[in-house]
Amino acid sequence: MSSATSFTDNEAIITYASRLMDENRLYFVAIGGPPLLAVLLAKQLHAPSIAYVVEDGTIAPEMRLPAPAFMIGAGLASSRAVAWTDMNTVDFHASRGYIDDGVLAAVQVDAYGNFNSTFAGGTYDRPERRFGGPGGATEIASLCWRTMLMTRLQRRKFVEKLDFVSSPGYIDGTPGARERAGLPAGTGPYRVITERAMFGFDEETHRMKLLAVAPWSSIDDVLSDMEFRPVVPDDVVPLEPPTERELDVLRTQVDPSGRTIAGDWIVLDGAAQAAKAAPVAGAS
Amino acid sequence: MSSATSFTDNEAIITYASRLMDENRLYFVAIGGPPLLAVLLAKQLHAPSIAYVVEDGTIAPEMRLPAPAFMIGAGLASSRAVAWTDMNTVDFHASRGYIDDGVLAAVQVDAYGNFNSTFAGGTYDRPERRFGGPGGATEIASLCWRTMLMTRLQRRKFVEKLDFVSSPGYIDGTPGARERAGLPAGTGPYRVITERAMFGFDEETHRMKLLAVAPWSSIDDVLSDMEFRPVVPDDVVPLEPPTERELDVLRTQVDPSGRTIAGDWIVLDGAAQAAKAAPVAGAS
Amino acid sequence: MTTRSIPVLDQGAGEFRPPDPDAARRWARDKDRRLVDKRMTEQAAVERFVADGSYVSYDTNVWRRGPSSLMREIIRQHKRDLWLAAKFSAHDATLLTAGGCVSKIDVGWMEVGRIITDAVREGRVKMFEWTNGALAYRHLAGALGVPFLPLRYVGGTDVFHNSGAQLIEDPYTGQPVCLVPAVNPDVALIHVNQCDIYGNARVFGPGLAPVETAMASRHVILSTEEIIDTDEIRKHPAQTTIPYYVVDAVVHAPFGCYPGSVPGLYRADLEHLMEFGAAQLQGTMDAYLEKWVYGVASHTEMMEKRVGLAKMQQLQADETHTEGYYT
Amino acid sequence: MTTRSIPVLDQGAGEFRPPDPDAARRWARDKDRRLVDKRMTEQAAVERFVADGSYVSYDTNVWRRGPSSLMREIIRQHKRDLWLAAKFSAHDATLLTAGGCVSKIDVGWMEVGRIITDAVREGRVKMFEWTNGALAYRHLAGALGVPFLPLRYVGGTDVFHNSGAQLIEDPYTGQPVCLVPAVNPDVALIHVNQCDIYGNARVFGPGLAPVETAMASRHVILSTEEIIDTDEIRKHPAQTTIPYYVVDAVVHAPFGCYPGSVPGLYRADLEHLMEFGAAQLQGTMDAYLEKWVYGVASHTEMMEKRVGLAKMQQLQADETHTEGYYT
């Protein structure tokens, strides 16, 4: 597969997430946004029978692509499901342990995979920037066996201390911290996926751990965009850029409207993909 | 309406219960038995739009009569309902206060309307006679606003002390006893209906109170068949015997198989209905 | 005869509607059990059943199968001081806040722009952080007639600290488990696909919590795309999701979700959603409200004068997927 | 950081399956998430998923839409020491007790005759008194993945004292409220109207708690009147009540409820029910079991050799009401 030389940060994040997905696991996603697109991309490319559950109670749909622009409002998004239930019901399935991986977008994350979808700056009652709220992320990140977080790598997003803990990661990282908070045993964050780096979590300390870095970036580059220092092991591997095929399917089938995949462009030096990418357009 | 002179004790009980029912209240009954027949009789005779909810989740059916012999196994029993739900759902409707009157059969009842459907004689682990168990009676008698109990008037049934309290009445009769047991406020037994006497409950003491006695019986006759003494007010009224019309509908439409209405025969002296009835056939 | 006690390990400090299952039962007791015709206009329904200060829960939201015509009527009648359950909201909360109707919001998720942000910063609106699932579950608790339900999330977050949740030691396993209080809204606003004149209702497709919301609430206002015969209801009892006896009002409102969609029936009007977004960004929400709410007397008038038949037909034609809904 | 505690006002002294939601989650974790063909014979399903000592929950019962063919297979395989959830049972518990399979019964309601009474008196079977609703609710708790649920009954009775219920002071209202422990059965036996080869299942008509029972249980064995294409399932997702990923076995069993009924499809065989009743009264249950269970190798053989086509056609013809089920 040939690597692409031009894609948005969101396209990269969605692509990396999709590669982690397989047909042996059941996924839990919100009604729209990058997590749903990642599952749809995996379904198109390497996991045609992959099943996912949507927060609105849709179970294992087989949406015909290209996807509609405004997914939440289209009957097509829930089509060819094996069951239509409701929000409480799919949360119960997660609570019972039937849903393996929750896939979520975060606006701010800390070293233990706790994340924020509520506000940034100021206080809860007088926020500088107010976001949409926890949504279904809190239950998904609590009840699924593993959590995959999708976010851009920015210093204001990878913070020492969250402005608000909307959804739990490993809390303070101590053994049993989630169980002490009333969450099911054996659950927690699994991967944090950004456009330039992929993270896991140290099994002992539960601290975020760098796993892979994009060829146009570097470990130092990654660390410079984080407030906290993740565990950096010796065996950090390269993060293969999106392929032309992945991007083609993503752009023509999964998000033809371009609403969700839009973002800052990453343009690689054609000769050496390890060259530093230059953001050329500025959605924030 | 002309009074009948020959009917079974069960026919009398079902008839008396049906007369208490009207279209302004929603009834909760088990899947078969005398309570369901009482509602069906009321629906045929004086309350055509009466609505009832069945323990199996059937809401407000309009069963075409004559009723099938084996109600539980027949699709007809749930037919023309406004909704088909399940046991938990109708219990929730009762818990929320939407179901006015629970109508139940009891094998043993005490002075406060607590009743037994579990065993008689011996101990729980070594019962002399074991019955089917509380069934849905406990939730119905707890959650509906009022409870109507249907049973034969026998000394072994109207007891000082139940062998087992399967379902709650006013518990020990003290103010707030039901609330202290975790039951909803403002609920409790309303009527106890037998073939010869109808009882209510004293508003202050919550003790069973004699309201009406059949013309072929007497207050003394009634009291002699009870272990405990109910409140006996001055204004005990006559209990009108079943009419020919009531019995005709009951026998030809509501229970044409005769399974549930079978019982001990009450045969009245044709000239004076106040004559003592003679049981002539012996189902127990 | 206390035999032992259950430790409360932690509890949130947020304000919340205190549960009172017995009060909720009394509301239910006083409703009519007979099959009575409950049809009325959106104006009458909102006048009768939405009061200033009401706790209001809608389902789903203004983007999908939401009671948009009822929400506009609430604004038109200048209801005040509402407490919203934004369990999975879209720009509904923004719209009602722009109309000056809102003072408190229980938040799961909602679309947030400058209108909400300004209202919160200026103290006109107070938010209480929950989650979509926790709010749906609190409605379930209300529908079950119990004061609380245990669940295995909310703990370990600031949501917990800002909420009415409690963390207790489970008396059965000894392990920590969270409790959330039931909510019994004063009014439920639910848009359904079909119902009869008594309120026996069908909701098609996956969804949020229409049944729990109806069952939990004191008053239930249904808006419906279509009124069908009770005979049809009785032919297919499995399709009924809300029974008549919980319903107070049936408002016949074709296109009642506009500008949102009813899956299987019509798509959302993206142009309108962009018009709303632009009004918020550009600070011209007053003009938007004048055009779409105050300047028309009713939903019907709005659809006729502001939307028009051609647009309605287009939105219906755009919804190409009907399988499982109407086929 | 205990801030306060919740008084336990009273608690039952009955034995009960202790809830363990985390163990139930591990069972679920290890199931296959892919669409795999789960068809197998009743013999294979019972061999694989029912063990001696299993807690078994069936739904509804041998009179209506119950998994009768699976219960007979349990007897045929001489399973022992089962703990039954008789949440609304008929003569199922008697049959399994006659087969020597049962040692404990959680009772809601069941048909009781000399077989059960003798077994209890002689200490071969121990009963634990609950109620239909409380057992259905305990299954709901198991399906929700929580260790208990509060409810507003059970208190004020000897059921309470003989059960695993607790009466606590509600931390929200301060009023007494009852808790019952979740149950997560080892095996659910559920007869459905239709399912595909993966276990996506449809149950028609009102019912007890088929969904809660499936969702709560470790292993789920479906018997089904009919196997349908997954394409048909996907065309009408609203009709699916049990999703494939909870199901372990799909047993194709036309007339699987015999001698009971499937409403809309066939009536119960009253002659057979009388034969069963007579066998119990006359103490000839061994002959009954020989004829209907041990003397045939399978449900199919029983239907062919003991029931016969004419009877089957008669039972179908007797069920005249199909509206809402198959029409």
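Just so it is clear, A, B, C and D label the chains in written order, and each chain counts residues from 1 on its own.
Keep this in mind: a contact is a pair of C-beta atoms (placed from the backbone, for glycine too) under 8 Å apart; a residue touches a chain by one contact, two chains touch by 3 or more.
These numbers come from a predicted model, not from an experiment.
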{"item": "If a chain touches chain A and chain C alike, it appears here", "value": "D"}
{"item": "Graph distance between chain A and chain B, where chains that touch are linked", "value": "2"}
{"item": "Of A-D and B-D, pair with higher C-beta contact tally", "value": "B-D"}
{"item": "Greatest separation from chain C - chain, by CA centre", "value": "B"}
{"item": "Whole-Å gap between the CA centroids of chain B and chain D", "value": "29"}
{"item": "Centroid spacing, where centroids are CA-atom means, of chain B and chain C in whole angstrom", "value": "41"}
{"item": "Distance between the centres, which are taken as Cα means, of chain D and chain C, whole angstrom", "value": "36"}
{"item": "Residues within chain B bordering two or more other chains", "value": "58, 78, 80-81, 84, 95, 143, 184"}
{"item": "Two or more partner chains touched - positions in chain D", "value": "21-22, 144-146, 151-152, 175, 177, 205-206, 235, 237-238, 323-324"}
{"item": "Pairwise touch network: line, ring, star, complete, or other", "value": "other"}
{"item": "Chain pairs in mutual contact under the definition given at the outset", "value": "A-C, A-D, B-C, B-D, C-D"}
{"item": "Touch list for chain A against partner chain C, complex", "value": "31, 54-58, 69-70, 72-76, 78-81, 84-88, 91, 95, 114, 117-118, 122, 124-127, 129-139, 142-143, 162, 164-168, 171, 177-184"}
{"item": "Residue ranges of chain C in contact with chain B within the complex", "value": "21-22, 24-29, 31-35, 143-146, 200, 215-216, 230, 233-235, 237-238, 240-241, 243-246"}
{"item": "Touch list for chain B against partner chain C, complex", "value": "23-26, 49, 51, 58-60, 62, 78, 80-84, 92-98, 100, 143, 145, 184-186"}
{"item": "Touching residues on chain D, where the partner in the complex is chain C", "value": "1-11, 18-22, 144-152, 166, 168, 170-173, 175, 177, 179, 181-182, 204-206, 235-238, 323-324"}
{"item": "Touching residues on chain C, where the partner in the complex is chain A", "value": "60, 63-64, 86-88, 90, 107-112, 116-117, 120-121, 123, 126-127, 129-134, 136-137, 140, 151-160, 162, 167, 175-178, 205-212, 260-261, 263-264, 267-268, 270, 273, 319-325"}
